[in-house]
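As structure tokens, here come the structures.
Next come two complexes built around chain A: one with chain B, the other with chain C.
Now for the complex of A and B:
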């Protein structure tokens, strides 16, 4: 992806420069590229580094918002159906449940189901006794259950697929480059000044789109535009395996830790919702109090979570646009700001708010606005054209075992991996990542380090948190990048990052794992 | 809350130390087998995600359970693999063969009346060729012989009455092998128990323990038979009798796997189920039993710890018991798998692995050069006798020969 072909050409004039390579930016880049706009996507870290990669991985059916935000709910169910079609390889059709506990009563359920139906969400009331039998891990005290078409989605994969398709349609992607300022011509934004390891560079575009999540506010200030944003932090826990194959929500007014999602081979429980100051948006450490709260609430959904190994804790920041409020009552609706109209700053657009589920729609709205400004008539095709990897279903069972996980992750793109010779060697045992998949990811996605690599293939994201695969992976990465001297640095950096997620949950088997890790890598002279 | 959050799900305790891989005999012999760590806890996470992640190479697992003995984190690795096979394994390519190998008591019932003919016919070259070609039973394999008179028939005719002369009794689970193939072992058991001052009762109803059924994927049938045995053993125990066995695999199956793999209740009898040697050793140790041995008994023996014996952890009772016999010169062999793994080694597609796994043990046996090898496992006996030509005895038979 960041291979030579996608790097921006010097002095190229762009129609649109997109700042922020999360899911919204990647979807916008794809939409623009599909409509023939000359597009540049800029990201300060790796794609999906911010809130896009720090959430539940939940493809909402919209049910969660049916009562409080009917419009958001309608958007969700529409996008839910579109993504199941165009991103079949990123989405797992797990289905979702909304369970009612005795203290919740059934009053909310009746209204909830009606509101779901009004929004077009096929919500179905189930017999709680049947649910208890079929999903024995669910809290056996339930008095009601509703099924909805929630699903599990891999945000890394979805972002990658969008960016890949953008590149294939002519877009450029510049990663690890931070926008420092805007280039202005009179009052008009005509480009961006970008700092990367190669120094400072300038890129010019007719329109600039800010899709930088919570960081858009700070960037906009540099253009003289004020966006009132409310950083709302959400913490989540990763449990070691799938406790249930279905998304489980609480059927009540949305609150803390009331969703558990089966993501790949793990279960993710979340979230909290706390207002945080802007200067803490880059500090994603999870506190013991957050862990305690998540666990306390999580066991109400699935009691066995109380005895399930927690691999790590992480947090993300929702980019809510607000004029006040406590974070959860603020609408999570899509906010598209045309700064020419709103602030008299032509050439600048901000797209924010919204959800992972509605990112494609956000991109469509943004691109529609861009096209009207650029005077281009082109129809949006992102809802109809399948994403790379999802063009046709891959029957995993037809492959040899070593390629199953890779094909599951990359879908039809998996054909580009070379499993011959050492390619079939297993590098990450927990997530079943082979050398072939690693080499493919390094080449296709232009990774710099192991943290980048894991977003594309889940390396080190399993039970042992990299304890066993990190050295093997570092060796391959260093070899592929042609800088063997960096291998140790790769290991150190990666383990530091894993360690950050493990510290809030250091007890039981995770503590044993951490001690094992510390004994192995704690000394400066460990063998590489 | 955090104090309580300690994983109860056994496979999550895996720290990937790989000790299980180190001790896995199949992994050393067969590069196609992913090894217990991968086949067990690692792939379990992915099987939970999607049954498509079932690895067909799990068929190579011997079920020797050495991985469980080795695991410092207490992960029941072999159980994970066995349960995955029961749940996800595709249908066998040799359903008839597997059913015949697994249904040891049904086939035994059929074969016993025709034992002289069956025993003559099975070793014939053309028959072996047919079994090999059409049936998938390897032609190298020697079949255990069938006995013309079942142990239970003999017991009813010749021994049952005399047992009532004893004040105390034990209940005996003889198993298929002692009933259909080698009644002498069961007769030896009766002799030893009588010599120890105990009469022998048979269980009200006995079915094959089902170890071969589970290994071959016949879960429902195994469960049905297990329930019969559980009820019978429970009755014996409620009468105050211990349930004794002479086969290590039957014992592990009923004492442990009924609960851990089949999820059946075992509390009613589990603590009273024992191998005859362990029970005897404990009785002798506590002074309740005294065995008188012949003064002229001389035998050079090598003891082989069967894999399931190792999993039970009871080998030392037998070893010490054998050492009590004056005139026994005992070598304890290193704990290596013989490779047959019940019905596994009979199958044509696995035969080469079976022999490769066993080669270390066979060499050890030849080096120790005993008059007989001693082990509690009947399938180890077939494998060792076939592969080394040295006779194999159950320790109870050794005791029977040595008591006055």
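Now for the complex of A and C:
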């Protein structure tokens, strides 16, 4: 992805410069490229480093918003169906449940189902006895259950697929480069000044889009524009296995820790919702209080979570546009700001708010606005054209057993991996990652280190948290990048990053794993 | 079956303690959870302890793949231990018992959200209540949880409810900071 072909050419004039390589930026880059706009996407870290990669991985059916935000609910169900079609290899059709506990009563359920139907969400009341029998881990005190078409989506894969498609349609992607300031001509924004390891560079574009999540507020200030944003922090817990195979929600007014989602081999419980100051948006350490709150509420959904191994804790910051309140009552709707209209700053647009589920729609709205400003008439095709990897839906991967996990993750892109010879070597046991998949990811996505690599192939994200595979992966990465001396640094950095997520849940088997990890790598002169 | 000493734990410290006692002429039984007694210590690189070959030669009875599941206490809680019973249902009586079950990985200590306990005898454990003090944010720094261990008196007897248990001693990593400081 950051391969030579996608790097920005010097002095190239762009129609659009998109700042922020999360899901919204990647979707916007794809939409722009499909409509023939000369597009540059800039991201300060790796793609999906911010909130896009720090959430449940839930493809909403919209049911959660049916009561409080009918418009958001309608957007969700529409996008839910589109993504199941165009991103089939990023989505697992798990289905979802909304369970009612005795204290929730069934009144909420009746209204909830009614509101779901009004929004076009196929919600079906189930017999709680049948649900209890079929899903023994669910709280056996339930008095009601409703099924909805919630699903699990891999945000890393979805972002990658959008960025890959953008590149394949002529877009440039510049990663690990931070926008420091805007280039202005009179009052108009005509480009950006970008800092990367290569120094300071300038890129020019007719229009600049901020899709930088919560970080858009700070960037906009530099263009003299004020966006009143409310950073809302959400913490989540990753459990060591799939506790249930469906998404389980609580059938009540949305609150803390009331969703658990099966994601690949694990389950993710979340989230909290806390207003945080802007200067804490880059500090993603989870506190013991957050962990306790998550567990206290999570066991109401699935009681055995109290005994289930927790792999790690992480947090993200929702980019809510502030109208006061506690962060959950504020509208989570899509906010598209035309700064020419709003602030008299032509050439600048901000897209924020919204959800992972509605990112494609956000991109469509943004690109519609861009096209009208650029005087281009081109229809949006992102809802109809399948993403790379999902062109030919792979219902069931076939081939040698060691290639199946990679094909499951990358869909039809799996054909580009070479499983012959050393390619078939298993590197990460927990997530079944082979050398072939790693080499493909390094080449295709231009990774710098193991933290980047794991986003693209899940290496080190399983039960051992990299304890067994990190050294082998570091060797391959260092070899592929042509700098074998970096292998030790890769391991050190990866372990520090994993440690950040393990320490908030350092008891039980996670503490045992930690002691094992320290025995193996605790001394700086560990054997590589 | 009565021994002079039952050593619980087949790690390096347990093996060394069993050998030391056997060379003093004691009849010793060693209960080892593992089947092969492999090491996790980096310097041993996963090789079996060399002492292992000497255990049987020294006349030590070794129960492999077994753990102590139940403790038969004397008439009152402060009385010495009368016997221990293993998961395989074997009752072992001894004059003295040695706890050498290691730290967290080997389950010598067990931690949950509430705290840390020693599962065999319920010995008192030294650890801070505040869980944020269990670790250092730098992975490569010495980790506080690596110095957690059971409380003992000057003779090395474990404390239970603040009082020493007359015939139960602790050795090795389960001593926590006291063990590392002595190395």
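Criterion: the second predicted complex is superposed on the first by the 525 of 528 C-alpha atoms of A that agree within 3 Å, B and C clash if a C-alpha of one lies under 4 Å from a C-alpha of the other, contacts with A are read in each partner's own complex, and residues count from 1 in each chain.
The rule we apply is simple: a contact is a pair of C-beta atoms (placed from the backbone, for glycine too) under 8 Å apart; a residue touches a chain by one contact, two chains touch by 3 or more.
Since we're looking at a predicted model, the values are computed, not measured.
Colleague: Between chain B and chain C, which makes contact with more of the residues in chain A?
Modeller: In the superposed model, B touches more residues of chain A.
Colleague: One more residue to check, A:404. First (chain B), second (chain C), both or neither?
Modeller: first
Colleague: Where does A:519 make contact in the superposed view: on chain B (first), on chain C (second), on both, or on neither?
Modeller: second
Colleague: Per the contact definition in the header, classify A:507: touching chain B only (first), chain C only (second), both, or neither.
Modeller: Both: A:507 reaches chain B and chain C.
Colleague: Name the contact category of A:240: first (chain B only), second (chain C only), both, or neither.
Modeller: First partner only.
Colleague: Taking the superposition on A as described, I'd like to know which of chain B and chain C A:292 touches: first, second, both or neither.
Modeller: Once the two structures are laid over each other on A, A:292 reaches both partners.
Colleague: First (chain B), second (chain C), both or neither: which does A:264 touch?
Modeller: After superposing on A, A:264 lies in contact with chain B but is clear of chain C.
Colleague: Can you give me the overlap between the chain B contact set and the chain C contact set on chain A?
Modeller: On chain A, the overlap between the chain B and chain C contacts is residues 288, 292, 295, 507-508, 512, 516.
Colleague: Where on chain A is chain B touching in the complex?
Modeller: By the definition above, chain A touches chain B via 240-242, 262, 264-266, 288, 291-292, 295-296, 304-310, 396-397, 401, 404-405, 408, 426, 429-430, 432, 462-464, 467-468, 507-509, 512-513, 516.
Colleague: So in the complex, the part of chain C that touches chain A is made up of which residues?
Modeller: It comes out as residues 40-42, 45, 103-105, 107, 110-113, 131-132, 134-135, 137-140, 143, 145-146.
Colleague: Please name which positions on chain A make contact with chain C in the complex.
Modeller: On the chain A side, the touching residues are 285, 288, 292, 295, 492, 495-496, 499-500, 503, 506-508, 511-512, 514-524, 526-527.
Colleague: Would you mind writing out the residues of chain B in touch with chain A in their complex?
Modeller: The touching residues are 1-9, 11-17, 34, 37-38, 41-46, 48-50, 52-53, 55-57, 73.
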